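Shared between the two complexes below is chain A, which pairs with chain B and chain C, respectively.
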Partner chain A sequence: MATKINPAFSKELKKYGTVNMNACYNCGTCTAICSLSTNDESFPREMVRNSVLGLEDEIKSSLKPWECYYCGECTTNCPQEANPGELMMSLRRWLTAKYDWTGLSGLLYKSLPLTILAMAIVFVAVLFFADSVSYNLEQMLHFGHYFEIIAIGIMMVVIFLPNLLTMWYFTIVKTNTKVPFKYYFTALKDLFVNMFTQKRSKDCDEKNNFRWLEHLVLVLSYLSLLFTTVFLNWFATNNVFVIIFGYVVSLLIFMVTIHFVSDRVKKNKSLNKFSQPSDWFFVIWLLLMGITAFLVRLFIDIDLLESNKWMYIIHLTVLAQWAIIIVPFGKWTHFLYRSFGMYFAKLKSIKGTK
Partner chain B sequence: MKNRIGVYICHCGGNISDYVDVEKVRQAVEHEEGVVLSKTSMFACSDSNQNEMVNDIKEFGLDGVIVASCSPKLHLTTFRNVTERGDLNKYTYVHANIREQGSWAHSDDTDGATEKAIHLVKAAIAKSRYAEPLYTNQFEAEKTIAVIGGGIAGLKAAISLSDKKSTVILIEKNDKIGGHTAEWGDLFMSDEKGNELINRIYSDLAQRENVTILTGAEVASSKGSIGNFTLKIRKRPNNESDPMEIMEVNVGSVVVATGFDHYVPQKGEFDYMINDNIITLPEFKQLVDKSTGNRLVYKGKEINNIAYIYCVGSRQEDGENTYCSRFCCTSVIHTAIVAKKKFKNINNIHLNRGIRTYGKQELLYSESLELGDIYLQFDYNNPPQIATEGKKTVVTVKDILSAGKELTLETDLIVLVTGMVPRADQSIGTMFKLPKGRDKFFNEIHMKLRPVETVIDGITIAGACQGPKNISESVNSALSAATKSYSYISKGTLETEPIVAEINQDLCVWCGKCQEACPFDAIEKQEVNGKPIAIVNTSVCKGCGMCAPICPEDAINLIGYTSEEIMSMIDVLA
Partner chain C sequence: MNKDKRIIDYDALVIGAGIAGGETALNLANNGYKVLLVEKDRSIGGKMILLSKVFPTLDCAACITTPKVSEIARHKNITIFTESEVTNITKNVENKFTAQITKKPRYVHVEDCTACQLCEKVCPVNVRDQYQFGLIGRKAAFIPFSIANPKAAAIDIENCTLCGACEKVCPTHCIDFTMETEYYELHAKTVIMATGFNLFDPLEMPRYGYNQYKNVITSMQMEREIAPTRPYNTILRPGDGKVPDKIAYVLCVGSRDKTVGNPICSQVCCMYSIKQAQLLMGALPMADVTIYYINIRSFGKGFEEFYQQAKGMGVNFIKGKIAKITEKENGNLILRYEDINEGVLKEAEHDMVVLSVGAKSNPTAKTIFDNGTLKFDQLNFIAQSDLMESPSKTNIDGVFVAGTASGPMDIPDSILSAGSASSEAISYLIQNELA
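Our next item is the complex of A and B:
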């Protein structure tokens, strides 16, 4: 079947952050230099080609954007400065928008004002809530604790489950991959290993080991903080071990994200040269999460929170913006889709496509 | 008979001595009759060895010199000059080629190669014994130069010659000068349009007193040779009812700049002339240049998606035109960029077979990519397929850059990127007997070493009559050809090589066979003492020797290659 090319697609993709993609003259240096690309699964040139030609179906059914961990070697070595690494990043943004049944991801990626508006609405909502409980700290803390559990649960069922099913449909069903049912279980190991360790990114380049470690620390700290606040009720507990653990993980989040932000400001590597609003929001809000959580607990421990309720309101705002906007519709989803991308790739590699 | 002959055998670094035992060759010939000196040399052509040779000639009183080395094409002149510096007549020098005919040809058989080299050197010695001193012929040359063709190459050649204070006659077949350049709109790397450029050059030329421009004029015939050509020119009168104006001009040299024709696709080639939405590159350039407004409209329809099919009529693997037309990639990309900037909503899709925007033209390719032009690459054996679906013209192509995936595109206009072909009107080439290459364009003597000279002395070629060229390349070759043509006649006198055919008037009975054999038209029938015989025009004769062996009466001798010399060589070789 002949595929129709669509010259207008590159304009659409530009809104997701591509930089000079059309300059590509197909030399293949990017693919040759990529340490993750293999003969069977070769990228990024192929994805650049599909993007230039506007072969949307090919891109939608591909897992390759998720197989890239953006070490930036391709962008550094591209003789045309076509930024293949940023193209892969943009494709990940575009794909999350395509997986998302609500369509909000796409809107937020493409429009900064809309993102700011959404953040502002959440802020106002938090203020309304605080006002409705007459700024009662205990009630706010109580609500904040349950908000997290509820938000996570709702997002899982309403957003992520259908979106992951869409992703599965695009990449497995539509490509006619016949995977015996039991493999869905045997491959689960890959899903969790990749989700928690991102071990594949270690293959990117030796120099990136520190970045991988930072990333690992960040993921584990983030999940630990989530666990500590939600299940161990950090802000209410008297268990010294839990309190200290919370301090440590929030501090780690804070430190690693500070480093990430400063790198993005310095633009010292290919991978952080081009920051989209979604990148900034993700890393800054993660930073704010760490710092505000840390301060809230600190204020509790030195008995300041009662007289400084605004501290908790700020934390709650950050938390709500994070949980309602950034997690379901922003860059956080990459964490999920990438893990599932590796999982689906494993399924495909077991059977191979028809 | 020479009896003080010096023989030099060259190692050529190792090119010869790796396969030929040069010392053995020297020993084999050192006691040959007449040889008084024999040496080997690492590089016979080196300055130090040349000086040694000059000293040897004087010290040993040599009367003949032989160097056994590379092809005479490379160093015959070098060593002739060495003997001249030793106060010998340079035509007594004899060259033996033991590299191309020895070591290189028989690198698998060193003994055989050595044996052959010995024979070749001995043959050279045999020739050397009979070699006579020869002297060049001198004659006066006409200082006017004719330029045939008034395109960009011809115009620039005329300006260059005029600058050199040479009298120039510019002959253009059409009523207007400018050739194809005047057709173009915007040019790459220039703010001028094609016709503006031509007008500027023309107004410069028109002011020059030593330049005569003849438009509507054709060269009907040519007589004579380098230094003294007589061209008969037919000029169409301004008033149609008037008779043709015939004139004769005498020129010393001719610059041929007759240009090219656009390739015109056959009916049905990529649906040309079948589908209304298919035009050629020159037609598209005209369309883009002439269209106004902010939308590109063709046949009343707005054009958005344009597909360009490259290499139409060029690089044919099974057709006549196997060559690359060089200019078309650049030309079409340039025009596509102009169209995209000039009109709204233009999508350019280039269906190419590899892009050849060499040199600074690469900038255009980069610009076009960055503007979002799409490039699909197809194989000659899988050309794009054109189909009409309702009002749409749909092109299907297997894109090499997408691993041979079959892609379709809807187009509003298809541009066939046609290349250059030799002029259909070959009268000038036929008249001057200019040789043509495999591509049917006029051929130079050597692509790199003598790029504008032809084997016909006095005739140079400039511009796209020699092969596809863009404007700047045409201008470069025109300036080169003008300088070369001028250098032939700048002294006012010309020398010709003494090595020419010589007719024995007593033996000749005029059978005409030599005239048929002569590739240079150097032999004419003339009446001498009431008897028709063959006469050689020594300024045209190249000394090729084609006439000598076919003469039934053995009345032709090639000076410098007399029967005596050749027979003695054959005796040694046999």
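Our next item is the complex of A and C:
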């Protein structure tokens, strides 16, 4: 079957944040300078070429965008300043939108006003809820606790499961990769190792592991905070150890995200030069999560929360916006898709098929 | 200083005595005009005189340049100032330019020197020979290179220990340490800028490891290794003196690359690399030569045939730009690239790597005219005010540009450009004489 090229695709991708990708003259410097690119899995030039030609099916069936950690070497050394690193980032956003059956990811990526509107609606909903329980702190805390569990559960089943199945369909089924059933289990180790450690990003820069370490601390702190608030009920517990643990992890989240935000403001690395609204929302809301959770528990401990219920309402708003908008439809999904991307890549490599 | 300034008069001032400046001077002189040819180096002949052969004819570069250089040097209407720089030019009225020229001392009276080389033998100082691009050493009292013109000794005063050994041994007593810098004020009717280009410095791209890995050399160093007046009398890799048998060419080093501030094609690297590859195939019949390229630009007359000829001789052409080079313990080099035709990342081992460095503008051209009076383009080449109608004219009437001072070009184009500049200059001179 003849492949149709579609030059209009670059206009569509531009909405997801590509910068100057049509300047590419196919020298391959990006692929050869990349520390993560291998003889079997060569990128990003192939993806730049597919994007320029508008070969959507090729991109949809590829896992390469998820194997890129945006070290930035390709962009720094690109002789045409075609910004391959930013293209890979944009492809991840685009793929996220393609996997998402609701179509909301795409809308929110492409439109900042819509994102702000969605955030505002959630804020109003939280205010309505607080009003409906007459600002009763006990009830609000109780609801907030269950909201997290329920939101996570619903997002898992309603959004992530179908989306991951779509991703599996695009990358495994449609590419005619026959993977024996048992490999799905044997490769699970890769899924979890990548999910929790992002160890691959360590290869970005052999000399400096700080970015990887920071990222690792953030992921672990975030998951710990989730665990502490949901399962250990941090805001209601009397266990001193849990209380202190919660303080530590929320503070860690705050510290790392502050650093990430300041890097994005300074634009000191190529991966920070072109921040999209989705990137800003992600880091800022993570930062707000850390700081508001910390303050709520502090207010509880010094008996201020009863007289300062607004603090909890702010925290609940941040939490709801995070759980309903950013996690299922924003940059958080990259964490999930990337881990599954590695998992699927492992499955493919077991089979040795391309 | 001012009282020592000598005032001289010429019809034309030609700045730069490379192939373009030399050709311009010769054309003007043959038409009866008195020309002052100013060269900053110790010899005239520019870069071409140091080349091996020229593409696409494979003529010996020295065999073309040397007779021309002799003709220039012996011409009764041409005066040559070597080791001299034009520091300032002002235009007074049409046909009247005033130029300030500084002539550095050579510490040798050229007219008395017989180039016997006795001074070279006794000189105790060894430094890297810039005319062999650092491949071998030379003395501080030395003849620049065997086909230099003027062929006379010179003292490299920066490295000289003033031991006086050369002065004692010189049979004609032509070495004179009392020589001083001379200053001239020149009155000329027209000026031709033939200031040439600079080679890209690969130190700006540390990922290629130039100067760090000994077996990574520039194309100009390879040019010397295969020239008739070559330093080793064979082709060796500098690291350990082994005769290489797997040589790689990295094209577009410092050309078509925005990260080093040079987005344009240098126009000569594809062809000189293909030429060197062919010469290497002749010199080392068992060697593999591979050229890594983005696009082969063989646009000139006879160039495409020359490219096909190289392919026919067995030169390997691989589409893909080298991204980085690493060194193995035995001095061999690992080149990492994406094979564009296959879309696959690859690594190749070579025992010698040649960086085909590009052409950049010569920044000294910018300092000659007072601020902004002479226009330059964005890459600091001299701007041609009307590229289509008269490409030799600059924005100043009476100032013309010849050769690579206006942008990268090959030898045939440089000579054409020199022809154009000289005829434009002549018509300017005639018009203003009549007026």
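Heads up, the rule we're going with is that the second predicted complex is superposed on the first by the 351 of 354 C-alpha atoms of A that agree within 3 Å, B and C clash if a C-alpha of one lies under 4 Å from a C-alpha of the other, contacts with A are read in each partner's own complex, and residues count from 1 in each chain.
Here is the rule we use: a residue touches a chain if its C-beta (ideal position, glycine included) is under 8 Å from a C-beta of that chain, and two chains touch if they have at least 3 such contacts.
From a predicted model like this one, the values you see are computed outputs, not experimental measurements.
In the superposition on chain A, A:S37 contacts chain C only, with no contact to chain B. Using the contact criterion defined above for the overlaid structures, shared-chain residue A:C24 touches chain B, although it does not reach chain C. When the shared chain is aligned, no partner comes close enough to touch A:N308: not chain B, not chain C. Judged by the touch definition given at the top, the superposed model places A:T175 against neither chain B nor chain C. In the superposition on chain A, A:T237 makes contact with neither chain B nor chain C. In the superposition on chain A, contact of A:Q80 is made with both chain B and chain C. For the contact definition in use here, the residues of chain A common to its chain B contact set and its chain C contact set are 25-26, 46, 80. Contact residues on chain A toward chain C in their complex (touch as defined above): 25-33, 37-39, 42, 45-46, 76-81. On the side of chain B, the complex with chain A involves touching residues 305, 347, 349, 365-366, 369-376, 396, 399, 401-403, 405-410.
Across the interface of their complex, chain B is touched by residues 1-5, 7-8, 10-11, 20, 22-26, 46, 49-50, 52-53, 55, 80 of chain A. Chain contact summary for the complex, chain C toward chain A: residues 207, 252, 256-259, 294-295, 320-324, 336-340, 343-346.
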